[in-house]
Amino acid sequence: MSASGRPGDEAVDRPRQGTAPLLSARGLRLAFGGVKAADGIDLDVMPGEFLAIIGPNGAGKTTFINMTTGYLRPQAGSISYDGQPILGLSPRAIVARGIGRSFQLPQLFTEHTVLENAALAIAARAGLWSPLAPLLRPAWRTEAMAVLDRFGLAPLAGQRADALNEGARKLADIAMAVALQPRLLLMDEPTSGVAAAEKMGVVETLVRVLREAKVTAVFVEHDMEVVERFADRVAVWSQGRIAALGPPATVLKDPAVLRDVIGIEPPTGPPAGLPARESGHA
Amino acid sequence: MADWLADNTLLLGLALLDGLAYAALVFMVAVGLNLVFGVLRIVNVAHGSLFAIGAYSAASLGLAFASAGLPPWAGYAALVLAAALVGAVLGPLVERLVLRRIYGQEEVLQLLVTFALFMILEDVQKLIWGVQPVSQDLPMKLLGTVDVPFGDDVIPFTIYQLFVLPGVALATLIGLAWFLRRTLTGRVIVAVTTDKEAAMAMGIDAARVTLLTFTFGAALAALGGALASPTTSLVPGIGAQTIVLSFAVVATAGLGQIEGAALTSLLIGLGRSVAVYFAPEFEVVVPYIIMVAVLLVRPQGLFGVLETRRV
Amino acid sequence: MSGDRDAPAAAPAHVQVHAQGPAGVTLAREGALALLAAAAAILVAWAVPWLKFVLTLALAKGIAVLGILLLLRAGQVSFGHAMFLATGAYTVAFVAPRIEEVLLLLPLAMLLATLLGLAVGLFVVRYRDIFFGMLNLALSMVLYSLLEKLYDYTKGTDGIRVAALRFAGTVPGRETQEWLMFGLALLLAIGFGLLVRAYLGSPMGRALAGIKTRETRLEFMGISARRVLLFAYVLSALMGGAAGALVAMTSRHVTPQLAYWTSSGELVFIAILGGAGSALGPFLGAAGFELVRVYAAAAVAEAWQLILGSVLLLVILFAPGGIWGMLSGRLRGRGA
Amino acid sequence: MNDAITRRDALLGAAATAGSLLLAGGNARAQARPTELRIGITTFLSGAASVFGVPARQAAELLFEEINKAGGIAGLPVRAYFVDEAPGTDHLVGEYRRLVQNEGVYVVFASISSGSCLACTPLSDEMRKTTLLWDCGTQRIFEEGKHPYAFRTQGYGTPEVLAPLLYLLKHKPDFRTLAVINQDYAWGRDSWELWKAAMDALKPGVRVVAEMFPRFGAPDYSTEVTRLLAARPDVILSTSWGGDLVTLVRQASERRLFERSTFVLPVAEASMQVLGRTMPAGHVIGARGDHWNNHPQPKDPARLAKFVDAYRAKYNEYPIYPCHHMAQAISALQAGLGRAIQAKGGGWPNDLELANAFRGLTFDTPTSSITLREDGQGLEDQIVGLSSFNDRFPFAVPRDMIMFPAAMVSTPVGQKSVDWLKTLKPEMLAQVPAPIAG
């Protein structure tokens, strides 16, 4: 799994100046008690780009995703998607506009099988209203299997979701988000929990799938190697603000970023393939 | 409206006094249920049976004391003693033998286990105390009555209902609040109520806390029954009626909130007595209407905290 | 720090109230079992006439419990579901003097219960867990109190006797009428059983089960959990109404007791006794419940509650899958 | 496995009852003389009303024991099947069917609750099973329909309310205001409707200052008591019973309500033992019949004493009126069955023949005799008096008793009680017998 250039480098257009941003956040502010989770966030996400968000825990990265997907409402600021304001819409309405997300803690239907989880996502997209036809009708079963297969989950399709290991749960979680066929996908630490040895393969698969589907992606990531290889741009979060924004090549060499963000990453990998995380609390 | 108020001020005053005593009894039962729910996350249907058994035990003990020739004031000791006894015996028995086996299982199973206990205890209590009304009203009679002026007239109220019941309820509220906030054990209980996982992660012995809380809650239910016993006649079925009212209080109050339980009990007590005076047909539905109205405005209950799940 | 609800390891299988899926008993076996149960019911009804009456009521209650089962799939316990049963029953009692026709009364009872279910449902589906349970309880107690208080209309706790009924225009003799009611209940039970089975396997039904484990995910997939729950709630109210109509037509007398909270508790009791794993469970549970109650009452008339309670306690502690769980476990064991 | 259980039960049930099933099949046909006399009895064994149901059951067990020792009824040993009314009507009607179809009972004694009676009586028509309504009081049973197999072996709501009213009008003719506090269920509501109709006819112009129907089994009446204290009615009517009445009397007497108003308590008798000295003296009390422990002139004093003493010896308490009502039903059965056998020349009567024997039957009770009218209603005398204490009993018994002949206070056959009560004239008071000192 050696570095051999970015996959899909040629396949996708680089974000160009002059194109309208797909997602645009302005002046987002949100404080929990005294903690400022968002303290004036301005960010544009361009169509087709892969934007990585890095930063220490508690910097407000997940909060940004939660605000964008309607789970949290900022106290000030605006968010627009595709030129339309989406602030104040419910998560459901936002999903309907084509914004998908995956979760830091996998949100699976634990008592359903993996296949049913994927099929439910397809049903959610294709229309739930058929109270008597089975969920696992041939068309949806085939599509669900195809989605799972892309993430290497096909052999686990018949297992109950709560029987999966952490890594597989994480993938299933992303697979469900992908099955919804969003135009913009927000991923919260997609590789945490995935065993170190498989990580690069998984990300490569993921990126390929997303590029093929022309999905714009924003992902929170702690692994700098992943960021360096797959992100078009990096946004560095610090105490509810964007401390730096730019291509990985420049941002990741910034001494301030190295010291404040990357420097505090433990030098060696944590046990059991879990990503290193501080015990800090948002 | 103003005219109506002017005409009925005196009556409203009486209704207020009546409502206080009733609210006190409701509070005593509901607060124990609320506490248990906060820690165990189990809606204990058998709480009503503990109330009934506490009441019967208090009456029996009081009658035994009286026939043993103890002085009349021993009747008050009987009330407290009976409650403590019921709590100390039945609490651990139920928690250890039954509830402990179903922690972490589905909510419906937990609820139904207590429903099963309720059915069993209903019959057990009938086997022990029979079906004829049992009463021991010495503690109420001993204190006599006090005349409350009402226009040119006076209305006698029993001192027991006018002062003792609300007094004990208030003392319980203050004592509980002090216990939960100022003592270590109390703080541990609050910690478990607020976030069980976190509390356990911090090394709190959850098994001990649940046992303690359940025993304590059972004793409170029994005390509620014991306090009610001098004012009423004990017959089969009192448990079923008590518990359903307590459910309404707990849901309205906000889970695990003792101040909420106090306020809700007061609302229900006053609402009920005002209804008895001015719209007796609605007396029975008042608690439920209050509950529905509160939950419409505050879905988490009066004092409840909205839980936002982290994703 | 973690707000995650599921334990890191797989939950022990016996803990789960519901266990459906490819690993469960196959459709063929469930169907065969259902046929067997229906045949057994008919045989019993034929052999012991008074049990025909008991079984008719059991089938009716089983239909109401199907509704409880739907809500259990969403992880919600309604401790007030008897209000729909009582609505169906009182509809029959009120209307029977004017319309004697069973085939009209039954849909009418279902319609009214459905409307009530919709009205109540719009309110209660906003709540979960204890709030859901207690709101249902409170609303059923309001209905109970009204049935008791509005004496001029409902005759209070005395209840209303259901007037003589017609079946498709005819007035059959007592024996025939008992068979007709039994047959009607059996037919409805099978119909609703199949309906619920299909529904639970459908996208709506599977999304319903998703409310239990990951309601937030549903929202992030663009599914309104409230609407999913509302649909199930209204369906369960409809079945409650059908059950109530059957109860009223069979026992020919309705009282407010039908709406009391302990009656709702009984329905949940039956759901757990039968096992929530299959649409067959409610009927197994209802038959078990009624038989235990009848025989316990016959054996020790003053302590039947104690016996019922003990049975429930033992089932929960030692066979939380209920009768269905025991049966399917045995079948699976044999199949392996 | 459940199927197995169900089948097994079915087979067991079927096997156990194959004999009786054949018997139960044809009611009008000849029936063989059974080897034992099976009686189904529905009563409250749980819940609040078990305060009546359990003593009645005890009385039945006591009497059946005696009867069986003495050779049974019509030479057959008696076997009773008790059924709990508390689980609800749907359960009860199932139990009624079980009693008839499965246990093969020869006669059913039905119900304390009026609701139960209203449900069981039509079943007696359908199943053609002689049913003695042994305790329920609703006047609706025989006034709203014909029930050829049902007979009530005691009085009912109308005389039980009218007698205390007449007593009140004699005892305290000048009362001007009245309040009612009844339990919120059929008896509480019906009895008030009956009282109101009769009162408006016999003494027009009485002002009703409060109508309260607290819920059945309410644990606390202090609010109601306060309201009554404030309203100061001359008379307070309460037809409550059981624990409810005990609670009401305790709370009211503690707060001296009994000093402000005269109480009329038509169902007081059953609660007097529990209340003991707490019951204030000088208030109107009734017994739903004439079976007071201090009945001034019982028809068969020895029999009354024997029953009371035996009951006390066995259960350590005095029998209350449901015990007497149970005893009346048993006496009625003895007399009715004897009459039916006699009519058949010693043969065993079938269900129809048995039922016919009850129509117009007169049977003796320890205190009097009761006649079953052609509509099935029994005529039982009513004794009402003022609560008082004497040395014989540790609880209140009536003094200045008036014995109301049943015919005087019962609605004539074919009329509805409320309509009839409205036709009463104040002149009726002149016919009321004089109080019996004692």
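Odds and ends about this structure:
Just so it is clear, A, B, C and D label the chains in written order, and each chain counts residues from 1 on its own.
Note that a residue touches a chain if its C-beta (ideal position, glycine included) is under 8 Å from a C-beta of that chain, and two chains touch if they have at least 3 such contacts.
Just so we're on the same page, UniProt names per chain: A = ABC transporter ATP-binding protein; B, C = Branched-chain amino acid ABC transporter permease; D = Branched-chain amino acid ABC transporter substrate-binding protein.
Nothing here was measured: the structure is a model prediction, and the numbers come from that model.
Centrality by Cα centroid goes to chain C. Averaging C-alpha coordinates per chain and comparing to subunit D, the farthest chain turns out to be A.
Computed centre separation for the pair subunit C/subunit D is 37 angstrom, with centres defined by C-alpha atoms. Between subunit A and subunit B the centroid-to-centroid distance comes to 50 Å (mean Cα coordinates, whole Å). Separation between the centroids of subunit A and subunit D, computed from CA atoms only, is 76 Å. Contact with two or more other chains is made by residues 1-3, 16, 145, 148-149, 216, 302, 305 of subunit C.
The set of subunit B residues touching two or more other chains comprises 122-123, 126, 284, 310-311.
Chain contacts: subunit D has residues 46, 54, 184, 213, 215 touching two or more partner chains.
Across the interface of their complex, subunit A is touched by residues 1-4, 6-8, 10-11, 16, 18, 21-22, 195, 198-199, 201-207, 209-210, 212-214, 216-224, 228, 231 of subunit C. If you check the complex, the residues on subunit C that touch subunit B are 1-3, 5, 15-17, 72, 75, 77, 79, 123, 126-127, 129-131, 133-135, 137-139, 141-142, 145-146, 148-149, 216, 261-262, 265, 268-269, 271-272, 302-303, 305-306, 308-310, 312-313, 316-317, 320. Residues 33, 36-37, 40-41, 43-44, 47-51, 53-54, 57, 145, 148-149, 151, 155-159, 161, 174, 247, 250-255, 257-258, 263, 284, 287-288, 290-291, 293-295, 297-298, 301-302, 304-305, 323, 326-327, 330 of subunit C are the ones touching subunit D in the complex. On subunit A, the positions that touch subunit C within their shared complex are 69, 71, 90-92, 95-96, 100-101, 105, 107-113, 116, 119-121, 123-125, 128-136, 158, 160, 162-163, 166, 176, 180, 279, 281. Contact residues of subunit B toward subunit D in the complex are 10-11, 14-15, 17-19, 21-22, 25, 122-123, 126, 130-133, 135, 137, 140-141, 145, 150, 153, 155-158, 161, 228, 231-238, 241-242, 272-273, 276-277, 280, 283-284.
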